[in-house]
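The two complexes that follow have chain A in common; it is paired with chain B in the first and with chain C in the second.
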Partner chain A sequence: MNIKDNYLKNRKNIFFSLNKDIQNHREKLINIFENDSFDRKNNESLKNINLKNFIDFNYKYLIPEETTVINNNQENNYSIVSVNGQCSSFKDDKIEITKISDEDYNDFSENNTIEKNDHFVNLNSLFLNSGFKIIIKKNNNIKIKISNIVTDDDLTIFQKNNIICEEGSSLNLIEEYENKNNATSNILNVIKLEKNSQLYHYLIQDNSPNFNLIITSHSSCKKNSTYNQKVYNFSEGYVRNFHYSELIETNSETNLQGIFFLKNNNTSNNKTFVKHLAEDCKSNQVYKGILNDRSKATYFSNTQVDQVAQKTEGYQLSKGILLSDNASYFSKPELKIYADDVKCNHGSTIGPIDENAIFYLRSRGMSKIAATKILISSFINEELSSIDNEQMSEIIQKKLVRYLSKVK
Partner chain B sequence: MNSETLNTLDSYSKNKYKYGFVTEIDEEKPKKGLNEDIIKFISLKKNEPEWMLEWRLKAFSKWKKMKEPKWANLNFPEIDYQDIYYYSAPKGFDKKPKDLSEVDPKLIETYNKLGIPLEEQKVLAGVAVDVVFDSVSVATTYKGELEKLGIIFCSIGEAIQKHPEKIKKYLGSVIPAGDHSFSALNSAVFTDGSFVYIPEGVKCPMELSTYFRINAENTGQFERTLIIADKGSYVSYLEGCTAPKRDDNQLHAANVELIALEDAEIKYSTVQNWYPGDEDGKGGIYNFVTKRGLCAGKNSKISWTQVETGSAITWKYPSCILKGDNSIGEFYSVAITNNFQQADTGTKMTHIGKNTKSKIISKGISLGKSQNTYRGEVSFLRKADKARNYTQCDSLLVGNKCGAHTVPYIDSKNNTAVIEHEASTSKINEDQLYYCRQRGLSHEEAVSLIVNGFCKQVLQELPMEFAVEAQKLVSISLEGSVG
Partner chain C sequence: MFLEIKDLSVKIENKNILKKLNLNINKGEVHAIMGPNGCGKSTLANVLAGKEDYEILNGKINFKDNDLFDLNIEERAQEGMFLAFQYPVEIPGVNITPFLHSAINSKRKRMNEEEIDNLSFAKLLKSKASDLGINIDMLKRSVNTGFSGGEKKRYEILQMSILNPDLAILDETDSGLDIDALKIVTDGVNKLKSKDNSFLIITHYQKLLDYIKPDYVHVMVDGSIVKSGGSEIAAEIEKDGFQKFQ
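The block that comes next holds the complex of A and B.
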């Protein structure tokens, strides 16, 4: 079914469809889909993807029956179970969670900064059917774990979350995506960090082969704030991680890090985009990928430094290991710099596992497979050892062992 | 800083673009505009055989269906292809002069002004020069001696007459006419250029060189160069470009094809100094050049070196297709942009054969209000076992109104191939500046010295004659923009 029919048929189930402004906006988006030629050459969001699956789909959404639980088992420690992208409202003196359906539509329409050319973000705006808003109140130090669960097969979830860290707050957010269904989840996170706030954002992705996960995030950092994101992609299904970050006030910092482990016919598309819009800001983008069998990956990274953003430090690094003849990796690390007093660099490497290192290990009596496994673990060791959350670190280690067991 | 550079700086501060003069010479031009008639006219003027005209018309019909490539980070008004003269020749060129004494003395004078005294160079430097003035190849020096070795060095027009079998075989084999709109345009209307053939096992004893100059107003220059290095041969080829100062933008869309067969090596060096426009960004050359080399045979090597200081717009990606096993591609580039210049330049290395190697060194310097982009693609195809690439691109920013951008595309489909890419962007190191100033250099001299050092890695790849000229050019390009 095409986009227009889908939309017209399901309009009443989609959020904010009664609002005139949003209706107009959505009609424009439908026009974009109807008139676009889907030129893969000039649209990064289309590379290596079978777009047809995502455009000709059957819209299906179920409002979850059971109310989801928010546990405050320990002090400052919350866990949220989000079912089909929704969770119930909650409020105490430290955090506030509201369903997006109870929100003002203004909160919804506020995504002008995200790239317009991205069809997946447009789909999200069109079919929005779930989401929530989290506010961390001033000067609180909070830990939240969110488990994202999809209940039925063939669901199409279009979710939008707003996360706001108020002044001086600190949030440690772990999001888990472990789904076994045959479904598609399209999630847009809009994150705002006020003055002196901090957010450590971990995303663990481990879905079955038939689950498609599309995550787009957009963060903006005000004065002295820091946004750290770490993405671990162990999924067997398609995953798209597109993360945009804007440094809008001085002395803010953003670190976007990701590791993906691919095998079989899997594909993964990744993008990080950092915009420096103020002085004295720092950014760091590191992505590492391990590709086995016939897997394919793309990584686009982009650092843009505005004319006013003097004293910028911006770093990018992308590394890929190809374990098989049929794997392929495409990387495009881009720098766009309009200010002169900056330190920016990028590095990118793609290659096999170092044969000399294998030889060294084998000459010490190790089998080839064991040597390969050791070298893969050491390739990502730097990223894994920097995880300061013990529980997280254990989860990741387990998944790594599982991935390595399939390496031949 | 030696006194020579200081003197040059001094003399250029009065007249920044010294090649901006116009030679008053009777020109023969057909009407403006692009259509089949003009192509037939060009073909007739060149006395070309039927098959060549057909080839041109085919390219033209392809061009009509094509749009300009849009990937570059450039801003310019749309080019009106109907407002350009596609052919312009000094009068009386229907018959080519046999040697220098028959060439119009005014032309000879022009080249003397440009600093390439044909007579002198012939004797002193031992460089064989082919000079292209607007659309016509003026004179080729040193022909006789090259002929003894079996080397063919002549204008492409002459080659079409005398060596049709080679032209038929190789012309358009590396850059097909339908590759993109500028290559189609060039294939349809190319007027002159150079043709080089080095026979098997011959090492060309001297550097071959061409000098391009656009003289007439509203003229486009579309030259076509084809270099073939047969098995085991070697050739080094130099190319220089200038144009007079004009308020209009002029179009230059050249195609250069290199073919290196087994064990052959081609070294291609360019110093591009087309008129860049004035301080307000008025005028200047639009430089849309397609350069591509094919390492067809085993162990062949192609090396591109370019110093890009001129042109209002530079759109140029000298690339290598590494088809033969063990073949090598190299790309060394310095691009300096000042005032309102825009440059989008880089390379494309396509690894097809086994054990192929490529190396890319690119240095970009942006000053004034210019935009400088490196855009490069490195791709390893499935069969490129053990292929290797190293890429380094550094950018230097002087002033806070300019931009420096790096856009690499890296694609690996082979798990034994290794690719490394690194890039950095920064301003001139304050410590280095301080050190130079402390030793008595003025701010401008210090910057010039540091920039020259920054480019050294590339400049040292240039042949001797060019290296000196290029170093001066670098200093001149910096003039007036620092301090």
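The block that comes next holds the complex of A and C.
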């Protein structure tokens, strides 16, 4: 079924389909799909992916019977179970959670420029069926853990979340995606950081082989704010992690880190696009992949420094270990600099595990497999030891042990 | 015989390196191999340790009644063979202390000995490090990472003294060491020397052999041992170079 028919058939189950402005916007999106020749050469949202699987799909959405649970189990600590992308409303003096509204939709869609060529973002806007908005109120320091559950096979979740950190607030957000169904989640997180706010955003992805996870996030940082994202991808199913970041006011910062552990025929597509739009801002990216069997990963990164963004510091680094001759990792870090007083660099190294290091460790009595595992662990040691959340650290270590147990 | 190398011929990338090499080492003996650059000394050390880049064309090696070629790299180490590397490999992210702890326990396991616990190991490591003038802070670092040339060599000797091998092969351990570091390193070797273990010392220079007295000195040229004798050979080489043996 083509996109248009699919949309028309299901629109009664899609958010905001009675809103005229949104209808108009969606008609434009349908036109993009109908007229786009899908330029795989220049459009990075189309590279290394079988787009047909995602465009020609059977739409299915179930409003969850289970109500979502929001627990305020300790002071300033909240845990949320989001079911099929939905979360019930909650409000106290520190945070506010509401269902996504048509205003939120418009706010993003009309002002968004950098993702306009991203077909998965467009699909998300077109078939939107879930999502919520979280506001962290001024000067509060909050921890939230969200478990994202998909209840049934064949569901297609199109979810948009808005996360707003008000002035002076700090949010430590852990999102878990651990789904066993044969389903697809296409999630767009729109994150706004007001002046002097901070967000530490951890994403743990560990889905079964038939679960497709497409996460796109967009952060915008105002003065003295910092957005930190750490993604740990242990999924056996397809995962796409794209992040678009805008540093819109001075002294703002974005730190992006991704580690992916791939095996079998799995693919992980990663892309970052950081726009420095003000003076004295920093961006830092480290992406590392461990690829076994016939797995494949991409890392496309673009850091763009606007003419006004003097004193920018921008770093990009990607590294990959290929544990098999059939695994592949494509890495393309790019810098586009239009200011003249900046410190930027980028680098990428990909290759098999160091045979000399293996020999050295084995010559001290360690087995080949133990030496391989110790070298894999050491490859990501810096990133794992920098996790300042004990609970997170334990979760990641357990998953790492599980991944390593399959390395032969 | 503790180590017996018979007619060993080895090649790498179509280049014959070792050519019918013979060498016998008994328990408790210290042997030195001297030879010019490129004669195959490091190849011999690597082949003994089990590096897999080489093709064995001919010959046999027996080590403690084992056919060495039946043992893989780690089994050789667990059986008591130790190679002090000429260029120790930097391994960022692998901490020295747990690495060495795991190494000693892998050997003990093979020997059906009880594994050494954390506390006892920490004490052992601290005492051995102190003997070698190694700062305790260094033990918190990653293996060889950010070490100076001298620190790397000292750390190799620390590993050797912890693992207490039956046969230690020192591949140009003296290269890159200043005189004080050379003294510390050779003291470490001399402390370990006993009637129950043997040493194979590979070097270019007599200097090292002033500190570690060898029982036998062998001259290696073009992949074979061309002369064997006592310490007087080292003095002869120091005086006249390798030219006369080629």
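Please note the rule applied: the second predicted complex is superposed on the first by the 396 of 408 C-alpha atoms of A that agree within 3 Å, B and C clash if a C-alpha of one lies under 4 Å from a C-alpha of the other, contacts with A are read in each partner's own complex, and residues count from 1 in each chain.
The rule is simple: contacts are C-beta pairs under 8 Å (C-beta built on N, C-alpha and C of every residue); 3 or more make two chains touch, one makes a residue touch a chain.
Every value quoted in this text rests on a predicted model; they were computed, and no experiment measured them.
S.K.: In the superposed arrangement, which partner chain does A:75 touch: chain B (first), chain C (second), both, or neither?
M.R.: A:75 contacts neither chain B nor chain C.
S.K.: Between chain B (first) and chain C (second), which does A:65 come into contact with in this model arrangement: first, second, both, or neither?
M.R.: neither
S.K.: Please tell me which partner, chain B or chain C, touches more residues of chain A.
M.R.: Answer, by number of touched residues of chain A: B.
S.K.: Touching A:364, do we find chain B (first), chain C (second), both, or neither?
M.R.: Only chain C; A:364 stays clear of chain B.
S.K.: On the A-aligned overlay, A:390 touches which partner chain: chain B = first, chain C = second, or both, or neither?
M.R.: After superposing on A, A:390 lies clear of both chain B and chain C.
S.K.: Applying the document's definition of touch, where does A:93 land relative to chain B and chain C: first, second, both, or neither?
M.R.: After superposing on A, A:93 lies clear of both chain B and chain C.
S.K.: First (chain B), second (chain C), both or neither: which does A:320 touch?
M.R.: Touch status of A:320: first partner only.
S.K.: In the superposed arrangement, which partner chain does A:331 touch: chain B (first), chain C (second), both, or neither?
M.R.: first
S.K.: What is the contact status of A:377 with respect to chain B (first) and chain C (second): first, second, both, or neither?
M.R.: In the superposition, A:377 contacts chain C only.
S.K.: Find the residues of chain A that appear in the contact set with chain B and again in the contact set with chain C.
M.R.: none
S.K.: Help me check something: in the complex, which residues belonging to chain A touch chain C?
M.R.: 354, 356-357, 359-368, 370, 374-375, 377-382
S.K.: Which residues of chain B touch chain A in the complex?
M.R.: On the chain B side, the touching residues are 70-71, 382, 395, 397-427.
S.K.: Please give the residue numbers of chain A that touch chain B in the complex, ascending.
M.R.: Against chain B, chain A makes touches at 42, 307, 310, 320, 322-325, 327-352.
S.K.: Using the touch definition from the top, list the residues of chain C that touch chain A in their complex.
M.R.: 49-52, 72-74, 76-78, 82-83, 85, 88-89, 91-94, 99-100, 102-104, 106-107, 110, 142-143, 159, 163
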